[in-house]
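Going in written order, the chains are labelled A, B, C and D, and every chain counts its residues from 1.
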Amino acid sequence: MGIVLGPNQYGKAENRVVRIYRDSLRHEIRDLNVSSALRGDFTDAHVSGDQSRVLPTDTQKNTIYAYAKQMDIDEIEHYALTLGRHFVDDVGPVEGARIEIEEYAWDRIRVDGHEHDHSFVRRGSDVHTTVVTVEGKGESQRAWVVSGLKDLVLLKSTGSEFWGYLKDDYTTLQETHDRVMATSLVARWRYRTVDLDWAKAYADIRQILLEKFATVHSLALQQTLYEMGRSVLDSHAEVAEIKLSAPNKHHFVVDLSPLGLDNPNEVFHADDRPYGLIETSVIRDDAPSSPQAWGTVPGFC
Amino acid sequence: MGIVLGPNQYGKAENRVVRIYRDSLRHEIRDLNVSSALRGDFTDAHVSGDQSRVLPTDTQKNTIYAYAKQMDIDEIEHYALTLGRHFVDDVGPVEGARIEIEEYAWDRIRVDGHEHDHSFVRRGSDVHTTVVTVEGKGESQRAWVVSGLKDLVLLKSTGSEFWGYLKDDYTTLQETHDRVMATSLVARWRYRTVDLDWAKAYADIRQILLEKFATVHSLALQQTLYEMGRSVLDSHAEVAEIKLSAPNKHHFVVDLSPLGLDNPNEVFHADDRPYGLIETSVIRDDAPSSPQAWGTVPGFC
Amino acid sequence: MGIVLGPNQYGKAENRVVRIYRDSLRHEIRDLNVSSALRGDFTDAHVSGDQSRVLPTDTQKNTIYAYAKQMDIDEIEHYALTLGRHFVDDVGPVEGARIEIEEYAWDRIRVDGHEHDHSFVRRGSDVHTTVVTVEGKGESQRAWVVSGLKDLVLLKSTGSEFWGYLKDDYTTLQETHDRVMATSLVARWRYRTVDLDWAKAYADIRQILLEKFATVHSLALQQTLYEMGRSVLDSHAEVAEIKLSAPNKHHFVVDLSPLGLDNPNEVFHADDRPYGLIETSVIRDDAPSSPQAWGTVPGFC
Amino acid sequence: MGIVLGPNQYGKAENRVVRIYRDSLRHEIRDLNVSSALRGDFTDAHVSGDQSRVLPTDTQKNTIYAYAKQMDIDEIEHYALTLGRHFVDDVGPVEGARIEIEEYAWDRIRVDGHEHDHSFVRRGSDVHTTVVTVEGKGESQRAWVVSGLKDLVLLKSTGSEFWGYLKDDYTTLQETHDRVMATSLVARWRYRTVDLDWAKAYADIRQILLEKFATVHSLALQQTLYEMGRSVLDSHAEVAEIKLSAPNKHHFVVDLSPLGLDNPNEVFHADDRPYGLIETSVIRDDAPSSPQAWGTVPGFC
């Protein structure tokens, strides 16, 4: 029996790349947070300190910035695929790469009703994410794209119930047929392809998630999330599975009766902690599960 | 010579009030973070522990929620003024009150092109703020309203220079005639009135700040801020003064020359720390400075 | 081909439990952040909204607080095991439970050189963590305990080198034989038992990690982490594997030469982003990998 | 009537300076966050964009790092005074400077019972702060030192009451003769001198604050804070005044009676928001108030 090196990876995290396209007077901006992680046989680096197979994280950073210069970052999925393939294809010891990107959106500032050419204001609270995993060299190379969003803050002021649940000796919750439902959604979906109109797919899926949250009459956050996920798969054949993680951000009806006031779901206290946390996924029953696409090294969560 | 109690105040901070108006099927939402602070002669509470003149912070919380039920919170300035006057007018020992509110904005989710009645998505990154100070009872009572915004994240990709500055033995910075200028703006302005169409004034001032940031050709962040402030005072006679606090969020041009690439202001690293911090104010030279309106107890910053 | 519910779980996250033991004048405190997650066949809750098999997250919260009253929380691992087994054993539809606890440490305030009986000051920056997973009912039930720490901020001002690494067209980093090495360590280790003197094991493993960080002459952060992990496994037969995640918090030597000053590793700028991120694990080659113990639902990371 | 520039200042915020003293094998570390702000007549920079009187924030950063090399940063107060005087004395247009420093403490890692020479672990949660203000050139120059601490997290599990308070129509709080009292203290005190054994004074004042929090039987947080402040002034003639800002971090007794359990102050929920916020000061009645020492530009809070 021996003690040995287990799964491992290393990279440069949170490179804050801002790319300005200024080919015309009307500038374009891409505002990104890019992280890389490389895998391969790095036993010597760990066990004897021999770094000869290790591409420094500083070099990874340089590469990320250099590619931002050289290519058209029209879509973060494309940029991540290109970076991931570069590390695996061009750096000998690298057998796998994971590129993770967050994109922050900007609107043009409107001046006299017109969009300004080079002045911007940050849009919204939600962030577009992608994780691209590339594994293997040459013919056997495979790649996965998992895109998503986070920090999409949603609330519906009615159209949500919660009753008929299991009760045990510790249950004190009252059933309700009308409550506020609010969350800060994290959604991630795995594509079955590495060649797509990524921007169009993203915009469409984001809109489906919003619409379903709005229109499903909810009997539980689980049900709402399932319908949101199912609708994405229904209308996007290129999506193999989707995972949704949603805190149930509790809005408690404030008891104003000691003050002689009724409160028919009008005044709420938005609580911070604890919160419910619902994690669910919707999948195609014929799709392989592809855990490599989601995690990093198995178990690094 | 003696050791005595100095300036003091106390209150309940960060009450997360969510108010739903559901008089019709088309719900309205107000999402607020409300803080109160009361002043008066609370010497006994400090020196001997006698609480008989102290209205508990728990009661302040109850009051904040009860007023949220009873009044129409169309504008946070109005809600804050009402709360502040209540504490000073109705609670014997209270001689001054400060009510601070942050408002988070929501958009209706669009479904099939129409705004949904009761489902919302959080809008933007910036927050509308107000601080209302009420001092004195009866005829001598005065009140001040300082409104503002924070977390308004702005960037212009050109139209910003920085040169001709003072140089000393520690100066290494190169002059530039074209740089990225970015900030996360905090602006606060003091009104000369307590009776106004607050929502209209806020929307208009926010738009002026955006437009001036966009259109002023900048020779320094100081100059841009001054022009932003001046324009607000120019067009809003009801504003006595405005204070702007703006981190200069540095976007460094990445040196790609060791990699054989030029980089004519296309690829930037957005740095976190340190940052420049420019704090400036624009005032009317005939307006009294009213420090009570801004700070809390003098020196509590 | 169909669209179906995939892996899922739900629970109450971040219950901030503070337990005071006051059986004598010398109080004891446990300050905890407890999260629960339950698994089972919750298809109906998702697909049709039928909650009859769902134990509400509110009930989970009540259970967490009730057990904090009824049992002696001497060790978080024990408390988590008890909670996890309760949910699986006593709640019909629950087939698996995951209990995650963070513990914040307190020191007694010293007064005149003596530890005070009931007054405390928060100790240190690091947090003791545990994740307990219980799966299956009756005879087939299994349980895993993964304990660890996070936010352990470490720095060594010499005894760290980095050279001899792989170079490619994007490499600009200079080799160094003396640098600052700093990190904020996250370590998690899986025990091979569910019956142990948990507090003693934790204290001893934490000390091993500190000592090895201090004494290993480092040729790379990978090597330091490997030695830290190997030493834990060497001296703790009850540990099956250990995972270490460590940001390389870069401390850059400030170039003072333009100011006419040399800087032989004396003045550093501590940078925020980007940072290297090294994730490594050390395992026993005869130990099964037990991914259930680490992750949650596979792929939820 | 005209619109003019009001109070203003500018500087470089949050320079993360780490200084290693390596004159012997036993290294010393200073881990600091340094911010500068300069004042003077910078009207032209704002109004016309003329920067000829403006020392760039980049130069301020260089100066901060250069002084870290050249001087012995034994005490942050001394370092801040030196920097502040440099900017006012040596840079023509600068008439006032404010230097703000946070210091993060480190312990040596113990190996085999001995403190290691060059390996460190971050100590505690609290941060030592100082704000130094220098105003005026030549003979008329004045300087103030305000030191303090923040993030000192304290809790006492008994010895705290709250009753006998004012009641009005909105009061629902029950009186208590035994509660948990917890806070995250911010304390700042103004010295009457610029020449002191700063480290000794700081350590002693911190200990007084801890001891008084522990030993005062509390009838309100106000009373505890007052006693803490009074004791500092009692024993430190060189302190002119002290300001204490303390959130009342509510620990609510969980109502377990619906579950058939009593809870005599044993199980608490530590709530996040809202929190009481008590701000108080203790002063010498013969000391001038020196608002310049505390704030920045009046009203910038």
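One rule holds in what follows: a contact is a pair of C-beta atoms (placed from the backbone, for glycine too) under 8 Å apart; a residue touches a chain by one contact, two chains touch by 3 or more.
Since the structure is predicted, the reported quantities are computational estimates derived from the model, not experimental observations.
More than half of the contact pairs at C-D come back, by residue number, in A-B, the repeat among A-D, A-B or B-C.
For chain A, the chain whose average C-alpha position is most distant is D. Comparing chain pairs A-B and B-D by the number of C-beta pairs in contact, the larger count belongs to B-D. Chain geometry summary: the mean Cα position of chain A and that of chain D are 38 Å apart.
The distance from the centre of chain B to the centre of chain D, with each centre set as the mean of the Cα atoms, comes to 23 Å.
Remark: chain A and chain B have CA centroids separated by 31 Å (rounded to whole angstrom). The set of chain B residues touching two or more other chains comprises 15-16, 62, 66, 170, 172, 259, 272-273. The touching residues of chain A, when paired with chain B in their complex, are 15-22, 27, 29, 31, 62, 65-66, 68-70, 106, 109-112, 116, 118-125, 152-159, 180, 210-211, 213-215, 251, 254, 256, 259, 261, 263, 265-272.
The residues of chain D lying in touch with chain B in their complex are 1-16, 35, 37, 42, 45-59, 61-63, 66, 90-93, 162-168, 170-173, 218-220, 222-223, 225-226, 230, 233-234, 241, 243, 245, 247-248, 273-286, 289, 291, 294-301.
Partner chain D is touched in their complex by these residues of chain A: 169-170, 172, 258-259, 272-273.
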